[in-house]
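Across the two complexes that follow, chain A remains constant while its partner is chain B and subsequently chain C.
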Partner chain A sequence: MSDYVKMWEDLGMDLETHDALCQVLPTAFGDVYLSQENRPEGMGFWDFVVSEIHGIRPSELIEAQKNGQKVFGTFCVYVPDEVVIAANGIVTGLCGGSQFWVPGGEKVLPKNTCPLIKASVGARLDRTCPFFRIADIYVGENTCDGKKKAYEILAEDVPMHVMDVPQMKRPEDIERWAHEIEIFAGVVEEQTGNKVTVEKLNEAIKIINNKRKALKRVYDARKADKLPISGKDALLMMQIAFFDDPVRCAEMCNKLADELEQRIADGVSVFPEGTKRILLTGTPLAIPNWKLHHIIETSGAAVVCEEMCTGTRYFENLVDEEQTTLEGQYKALAERYMKNNCACFTPNEGRIDDIIRLAKEYKVDGVIDVNLKFCSIYDTEGFFVERALKEAGIPVLGIETDYTDSDAEQLKTRVEAFIEMLG
Partner chain B sequence: MYYIGIDIGSTGAKTAVLDEAGRIIDTFAQPTGWSSVDTAEAIRKTLVEKGFSPEEGKVVSTGYGRVAVPFSDKTVTEITCHAKGATRIFDDSDICVIDIGGQDTKIILVEDGFVKDFVMNDKCSAGTGRFLEVMANTLAMRPDELCTLAKSGGNTSISSLCTVFAESEVISLIGRGEKKENIAFGVVDSIVKKVAIQAKRIYRPGVRAVLTGGLCECDYICEALSKELKTEVTTLPEARFAGAIGAALLAM
Partner chain C sequence: MTENKRNKPELNYYILFENYTHGLALEKLLKGEGIPARIAPTPRSIQGELSCGMSLLIKEENIDAVRECLERHKPKYHSIVEMECQINPNRNVFC
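Up next is the complex of A and B:
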């Protein structure tokens, strides 16, 4: 990493501990990513971003803050970026995906909290992630119990606004969510000092829709029989989409998609013929959680799609761009966001339908339902997921894991056995 | 030409040798030491002594030490190997294989000779051979002695699922003067219940259930499992070598 020490110091980071993280990341990235063959050239952008992950984007954000822009840190795909962008604010994702931060979270959280929450809290409290330092305000949401309570702890250390996400999807819930978005807009206006207007919001809606379309183009390329990109690379693009500037993100994804479409036309693939195609479904894979993708793709199969928040849930469904009043726009946003199917909703049959649909669209041979340890809602929903898949004649493997490497061997055995089972 | 299957598990390494016609001509077991690499070397030596030089045969390795066998031609997971071996040993292509291994317990549903579904225990060692071993140690017995003794006991249950906690539970039972056979009963009962819960996730009534792996020499485990699963669980002496035999078959 280039010399960002001064910036990290100014952010009040714990440099010594942070150094340890900076030392392991490049090796991990090299082992998992750079060892792949014939990667699309377009991945160069994301490789570069990772190589400077705690430097390049953070310094952009700090520059923006100097120009009066505010940075909003978010943890969930229900929080509407559009509203922030309409008020000239910036959104950055804040989910922790490394074991490195977990012990920090365990200082204040119960042991049986999911690693994503522990890592996120640890990254803030231990002052080892610049993004967690830079954000002017965090936006939490009432989704799972673990997060809900963790936000109360974080709120003692950082300004926090929590959005009340409904837990059902009846018409009145969607209306209530539109109202929540309106309240959020008020908070955003206050923070930024800028008004959210119809024009501005419309522009923002288009920006985020374009980003969604671009991400989708890359995913669509993964439907091809000859896979032009590995699952690992697609995941990396997806993970960084949460941090990057949305316009640049769309541009880079479109460029990558151009290349992938050309590869498909030329019959170029990164996997040998007959490689088994896997759909992953379950809890989010926050950066740098590449564990399962790596195990799968070094065991003779390929990940072709992720039905996850770091996956299709992030880009499927667009917001209506034709609204002419703020009220209409908030409603349109609410409708789009409520099409997300997270296990914190009841019932959540939409997700089961999505999984079956995606399994067909991406022509998968099997599905792996992977959930973070101690995430009880996804774990419980796994019952329906596995039953529905079995009924549809699609092989499924359920896995529970965390951020440590201690189960890597066992996971490898399970995954390999599953792939052998696919024939 | 002969075909060799090597199954390096967490506590024992099993080897099976088949002839051209697929007949089992030899099986042998040895303990897995600290390093799978050393174990693999010891197996190679034994094979050479017995006149089955690995270089002249085809070798498939399986088990958690499968990658540590430098002379194997291919690695296959223990799930696939156990399924394959069990269909051969029990001469049935539709079975539910229950394998209580040293570290993992696996339930494998086999249809038409192919793995249809499987479950494996998670990281913890409850319901595995390791659990039995630790408890037998605490009771100053061999695992097989504990199993036999359990048959004459009753009325005791070990409630902790965690091996470490269960061990202190056993110690306090000893302290209370509980009869050894009753404690043994509690230990086996705990394993069997845990395995049965796992098995019920995929077991389909009517399918023949068989026990493979290290614990299949203990009749009482079969008996207790049969009761828990409400179906007869059977086993055979060779079932201990199911993984190795399956690997050898896959070498053909």
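Up next is the complex of A and C:
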């Protein structure tokens, strides 16, 4: 383990500040995760990854860099991993889910910026996230004003490429996104020194599709009447999927899904019968943001699905694997990624349809629309989300929160009242 | 969660390792013997020079079986630390 300290030193990290995170993480993980009974055996893999969270994957990435591979740090589910993998690059998620990093971001960003952006910028500038030290290049996207401007600040410190995500979903916007992907492929080729070929891209498309299918299998198990896995555990799997090698990720998720399917067949549940089923919708929950799941699942309900970027948006819809030209492949990628319903689009009715559909598929009793503080696009879209759910007769609770603990008790009271209301 | 039926504080045991290879090997061994153990991040207060990383969390009722298994197979591990259960789902302190 002391090897990790040496590695962090070599990465130029602020060890003293980073140690503060090492102190709180085991306690929080114990309270949230290890307090659960009868967890699937397969979760051992993710418990292991969390135990070594800033050590094991970073050391793999550094090894890969020694062998000439390049690491691309990404912030958003709109950036197509397939293109990077086709050029033998590696994609990694970045730190951004803890209050620990927020003050660092507030040094340069307005206070009324969402905590995800503040934490990401703080993690880089304060040198407390190994992933933010390792990546060779960072790939941003203009999915909100806060990020757009934050990337300009980050670009003074790190190499950045920003993808121009269209803000509407007309056919010409999909064409434009295909062109953006082509431009990105050029950046990837330049960075890696490897060509993106039809064969390589086809292989990469299959790798990421397989990962999506594996994640979906775990989610499908959450549709069962008797829930074989908690929402917290499924969230952890999803959060770590952004950091792991995609082939290993698929393998571990499939293994977990095997166990969950067996549990369903055996009638094993991690919740008592009659536990209320909640769908979460809204802004992403980056690791280690486990707050709302924990509050819900210690208040007599279970989270059965997340209509979020750290949820269904990450794995729903596959990329067509039958294309035989790069042009066709970029178009196929664009079509798949443009099916993601982010609040940055106008209009964004597809998201409302998704929420209603998922509420039925996962047989939910109620929906919680949760948005990170100062995320104006999701907050505003909440108007339509809540109205549509009310019209569909599905109870809904709107929550705005951040990464701090200060509102935990208040949230618990509101969530408990909502669950009680579900009858 | 922190107190058992006899109203005594519940004890947890953490098996610490020099590296995760030893930890994963022991986890596999215990699983093979049907002894419950969970991979857990080592509480910072007992990490010492080992820095942060995985440990195996053993509940009080299983520690005798674990010790017996260690005696029989002599797997590699650093130490076993006994501590009062720190796990508290009602703390609502996150990170």
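Just so it is clear, the second predicted complex is superposed on the first by the 419 of 423 C-alpha atoms of A that agree within 3 Å, B and C clash if a C-alpha of one lies under 4 Å from a C-alpha of the other, contacts with A are read in each partner's own complex, and residues count from 1 in each chain.
The criterion applied here is as follows: a residue touches a chain if its C-beta (ideal position, glycine included) is under 8 Å from a C-beta of that chain, and two chains touch if they have at least 3 such contacts.
Since the model is a prediction, treat every value here as computed from it, not as a measurement.
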With both structures superposed, pick whichever of chain B and chain C touches the larger number of chain A residues. C
Would you sort A:420 into first (chain B), second (chain C), both or neither based on which partner it touches? first
Is A:153 touching anything from chain B or chain C once the two structures are fitted on A? First, second, both or neither. neither
First, second, both or neither for A:62, with chain B first and chain C second: neither
Quick check on the superposed pair: does A:394 touch chain B, chain C, both, or neither? Answer first, second, both or neither. neither
Quick one: classify A:409 as touching chain B (first), chain C (second), both or neither. both
So, A:24: does it touch chain B (first), chain C (second), both, or neither? second
A:5 contacts which: chain B (first), chain C (second), both, neither? second
Partner chain in contact with A:198 - chain B first, chain C second, else both or neither: neither
Identify the overlap between the chain B-contacting and the chain C-contacting residues of chain A. 409
Okay, in this complex, where on chain A does chain C touch? 1-5, 21-32, 34-35, 39, 41, 44, 47-48, 50-56, 98-100, 288-291, 294-295, 298, 403, 405, 408-409, 412
The answer for chain C against chain A in the complex is residues 1, 18-20, 24, 27, 31, 38-44, 47, 49-55, 57, 86-95
Please output the residues of chain B touching chain A within their complex, sorted ascending. 64, 76-80, 104, 114-118, 120, 122-123
In the complex of these two chains, what residues of chain A are touching chain B? 390, 395, 400, 406-407, 409-410, 413-414, 416-417, 420-421, 423
